[in-house]
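Supplied in structure tokens, the structure appears directly below.
Just so it is clear, A, B, C and D label the chains in written order, and each chain counts residues from 1 on its own.
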Amino acid sequence: MTRFTGIIPPLCTPLRDDFTIDVDSLRRHLDGQLAAGVHGVFVLGSSSEVAFLPDRQRRVVIETTVEHVAGRVPVLAGCIDMTTLRVAEHVRVAEEAGADALVVTAPYYTRTHSAEIEQHFRLLRSRSALPIFAYDIPMAVHTKLHREMVLRLASDGVLAGVKDSSGDEAGFSALLLARRDRGLTEFAVFTGSELVVDLALRIGADGAVPGLANVDPAAYVGIWDRVRAGDLDGARQEQERLLRLFTITHAAPPERMGRGSAGLGAFKAAMKMRGFIDNSVMAPPQLPLNDEELLSIKGTLTEAGLL
Amino acid sequence: MTRFTGIIPPLCTPLRDDFTIDVDSLRRHLDGQLAAGVHGVFVLGSSSEVAFLPDRQRRVVIETTVEHVAGRVPVLAGCIDMTTLRVAEHVRVAEEAGADALVVTAPYYTRTHSAEIEQHFRLLRSRSALPIFAYDIPMAVHTKLHREMVLRLASDGVLAGVKDSSGDEAGFSALLLARRDRGLTEFAVFTGSELVVDLALRIGADGAVPGLANVDPAAYVGIWDRVRAGDLDGARQEQERLLRLFTITHAAPPERMGRGSAGLGAFKAAMKMRGFIDNSVMAPPQLPLNDEELLSIKGTLTEAGLL
Amino acid sequence: MTRFTGIIPPLCTPLRDDFTIDVDSLRRHLDGQLAAGVHGVFVLGSSSEVAFLPDRQRRVVIETTVEHVAGRVPVLAGCIDMTTLRVAEHVRVAEEAGADALVVTAPYYTRTHSAEIEQHFRLLRSRSALPIFAYDIPMAVHTKLHREMVLRLASDGVLAGVKDSSGDEAGFSALLLARRDRGLTEFAVFTGSELVVDLALRIGADGAVPGLANVDPAAYVGIWDRVRAGDLDGARQEQERLLRLFTITHAAPPERMGRGSAGLGAFKAAMKMRGFIDNSVMAPPQLPLNDEELLSIKGTLTEAGLL
Amino acid sequence: MTRFTGIIPPLCTPLRDDFTIDVDSLRRHLDGQLAAGVHGVFVLGSSSEVAFLPDRQRRVVIETTVEHVAGRVPVLAGCIDMTTLRVAEHVRVAEEAGADALVVTAPYYTRTHSAEIEQHFRLLRSRSALPIFAYDIPMAVHTKLHREMVLRLASDGVLAGVKDSSGDEAGFSALLLARRDRGLTEFAVFTGSELVVDLALRIGADGAVPGLANVDPAAYVGIWDRVRAGDLDGARQEQERLLRLFTITHAAPPERMGRGSAGLGAFKAAMKMRGFIDNSVMAPPQLPLNDEELLSIKGTLTEAGLL
């Protein structure tokens, strides 16, 4: 087992009306997550609106988080930018702030070859002593990380782990198996597929990074505990409850807004309804949910026993 | 006619071995472009490796350019980032540096609805008095700008123009026609399709933003002059010469590197061979061209009469 | 010049309410096209609803057409199916019916390598003496034909020509240039981009296959005649008129139906309004246009002087 | 439980050198599958090279299969074609041959709206009394079936089931849950994801349609039996063995051939090595595996204890 293990939610970032970080809400949200028993936190991932936050806001998020968590659990920091030198800037900030690990995507905006993606991770490894997780998220960067490349980087000590948000569960299963067959015991494999966490843990994942844990962290910790205790039926039951809860992300229809803002808007609205944060505002140019959509989310939360 | 017109090359950025800006080469490259008669320059576009440059390097590029051009032609500055607030940071720098216009893409990394893209441009308009060009480049941002949205933003004074690098020439033709039919005379329409510049100018484009002009600016100015003089056959002949020259971007095969680095690598190698810049290094993680590929590029330049 | 040259419309297929071929309307439509001066006809292309017609209906279309055209212009027959052996069946029917040339796409449904696409065309060549046109339509088959492969097949006498409906005008321009540079004078290059026909002809295309010619064949013949007479301004003016006419294909919004049925539905509705065919029914599962959409099309036809 | 349940392999089609059906091998292959305990067979699916077989060969496959199986297990027949009327032809043949159920994809080649896909299934329902399974395979048809549409068609009695080959395991999980929540007990849900069959069964799938069962049917039957007996660890162990076996589909590299022919070629080569069929030839234009690739497959089969 690696030291990174368990439920590590990708935290949403509470904002004020002027789009600066709502530090008080962030601390309260962290308290809620820690009280629920999460095993780490991941800041500045896609769910954090990292693509929307200027660099100085990103810095506030990570500094606030590291300070507030104060070593109780590991803090993973997304270093999300288009290419190596730009990512390296975020790496420096994360290091200064005291993050425990870095999470890095493949290059985007540019059309990059797999050999260049590999070069990207190797160069970043040479610039930082912190553990690096590859963040496999083709939905955002429009490239899927090749499994053999990931395994080679793991074997060479470049990558400490991977966060797989590709939705390719067969590939995830093959990765877990190859890791075992090649004895890469130090290499941490996390799923970002929040709807099949019980199955991923069941087949050997070290943990999960579920966005929906912003709304219901205890449920994901419950899945983790049950799988470890061998209670697979109980874990599945909880996962099914979360599948139903996840329908809040469809409250706003695709004709009206992007799937990004529909999902994050639902998370933030639910977080506010549950008292985790004060304000559900999203960074521009994302559109806000309307009253009808908020009402529907409230109904789903109530059914799920969360209000 | 708008004040933005003619051949406005998207300048490549000369780098030193440590990936800082080679300011001397940049000035020399600008001199060469201006001597060739270009009607403007576009810095920090995709050809500039904008996706690879840290913010402080971006700032050096634009400050150096504005200072060196000294008002002889307009300087357009790419403000390329994922979403509104991050773009707004680049807008501020471009304004401080004295750019004449801003060039802005749709959001990327995030999955965004057309209504949110429209919001993006409107918000940026409210934050800057500089003319804003929409940069339509689905290859990089994975969204095509809707024609009716672009026309609405033109009509509302949000957009001063568009740089169409979508490769959709039928849509480009429809845009030019709609502009005329709706009397949007102030709205500048540029093509980024460097291989059909003569045709684009012929049907009413205000100008072109051809990456290959980094290698042969005089040829593009020649096309511009000939089309304006009614010499369409001469313009086509020159465009065909450039089509042959463009094969340098295929010197490195797709099995070996990304299409981005193959193209930019060829441009920079040719610029160095022609003495425009001192160093053809590319920012990481792009791979360098090999000797065989460089030799092939040299051959093509020689055939084109450029060496 | 090859023997295939000029305006060769991809004919829509008039259907009866029971989805059998309306042979009378087809003959009348052919008469109208020939009277307008088209230089060939292409049956069983995408515009013909070839993907919707059972084999025996396809056979009726081609037999009726060959018989009725009676050698006045060449008849090209689409042999559209997923892979080689299935296409070969359609080839046999086309040969029996007396078609003058075959039009064949890359394989689809299956994920095929370029070497296999090349093999596909070579095998079909070995099975038929008729000229074969490659039909480059990535929108339908999700593969773009590689330019070098097309040129190699042209050089080896496998392909007699190409119908380029890829929308990649820069690539089209490069293909025309390579054809000239390599002396492939027998190889016919047609554009399927109905909105830039004047430009394609201007730069050396042998002809065009414009779907909109089902509605206004005389206009496309007019463009052809004007370009050949050197009247480029006149040709552009007519092309712009057709650009405006083409907006009929957007009468039905993307929220309501596929772009295929919106476009074909508009063509067929306009053909009926102009008296070319008796019935605008489309094969299932395409949805019909509604009254409001039909009214809008009628308005556009009236503005275009076609009613 | 529906009557369709268990392991229902999508049978590969043995061919002779002239690409006609090798009926003897097909019967022997059927015997092997039945002896291994499969609960049904699916002919004329993607693994059968259905996209490559002319109609009369398709007919031989289904007639031979129905006759040889003789009611021992249900026979599902793929009715794979571009749109409704063409699919209806295959439906008629399947009915005449005595198939027990039909498997139908969304339309392809044409760009179709979800409302038209729904219409497609409803029209086919009105033409046949046989149970219809929707075949969700976006890799081939470039459309993902909408979950709500599938559920509505299930609820209305249009669809008897779905074969989900989309690779979207989270969506699959949501579909299973929605089926239960809405009481659609008659609606059969099968996974086509051959690498996570144990997990799919574990969370409530009625069965699996694994291509790799052509090579090792007993292993998949073993997974089925173990999951039903509550031996999840044993099922996982077998699934992991099959994950390793599946690497035969990567023996031929993507630079050399399409992923379709690499996969089917490996299946057929392995089937021949195991004595299931006499000839591993594939229909054109698929390329054959080379000696090195065959040797690699042999090695993997030996390691898996299958030779």
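We take it that a contact is a pair of C-beta atoms (placed from the backbone, for glycine too) under 8 Å apart; a residue touches a chain by one contact, two chains touch by 3 or more.
Only a predicted model underlies this, so the values are computations on that prediction, with no experimental measurement involved.
Asks: What are the mutual neighbours of chain C and chain D in this structure?
Replies: none
Asks: Give a one-word verdict, same or different, on whether chain B and chain C use largely identical residue numbers at their interface, taking over half shared as same.
Replies: Here the answer is same, because the shared fraction of interface numbers exceeds one half.
Asks: Could you give the separation in Å between the centres of chain A and chain D, each centre being the mean of its C-alpha atoms?
Replies: Between these chains, centre-to-centre, one finds 35 Å.
Asks: So how far apart, in whole Å, are chain A and chain C when each is placed at the average of its C-alpha atoms?
Replies: Measuring from centre to centre gives 49 Å for this pair.
Asks: Let me make sure I understand the interfaces: which chain pairs count as touching?
Replies: Going through each pair of chains, those in contact are A-B, A-D, B-C, C-D.
Asks: Which part of chain A faces chain D closely enough to touch in the complex?
Replies: For chain A paired with chain D, touching residues are 167-170, 173-174, 177, 181, 193-196, 199, 202-203, 232, 236, 239-240, 243-244, 246.
Asks: Given the complex with chain B, which residues does chain A contribute to the contact?
Replies: 19, 46, 51-55, 57, 80, 82-86, 88-89, 107-113, 115-117, 119-120, 123, 139-142, 254, 256-261, 283-287
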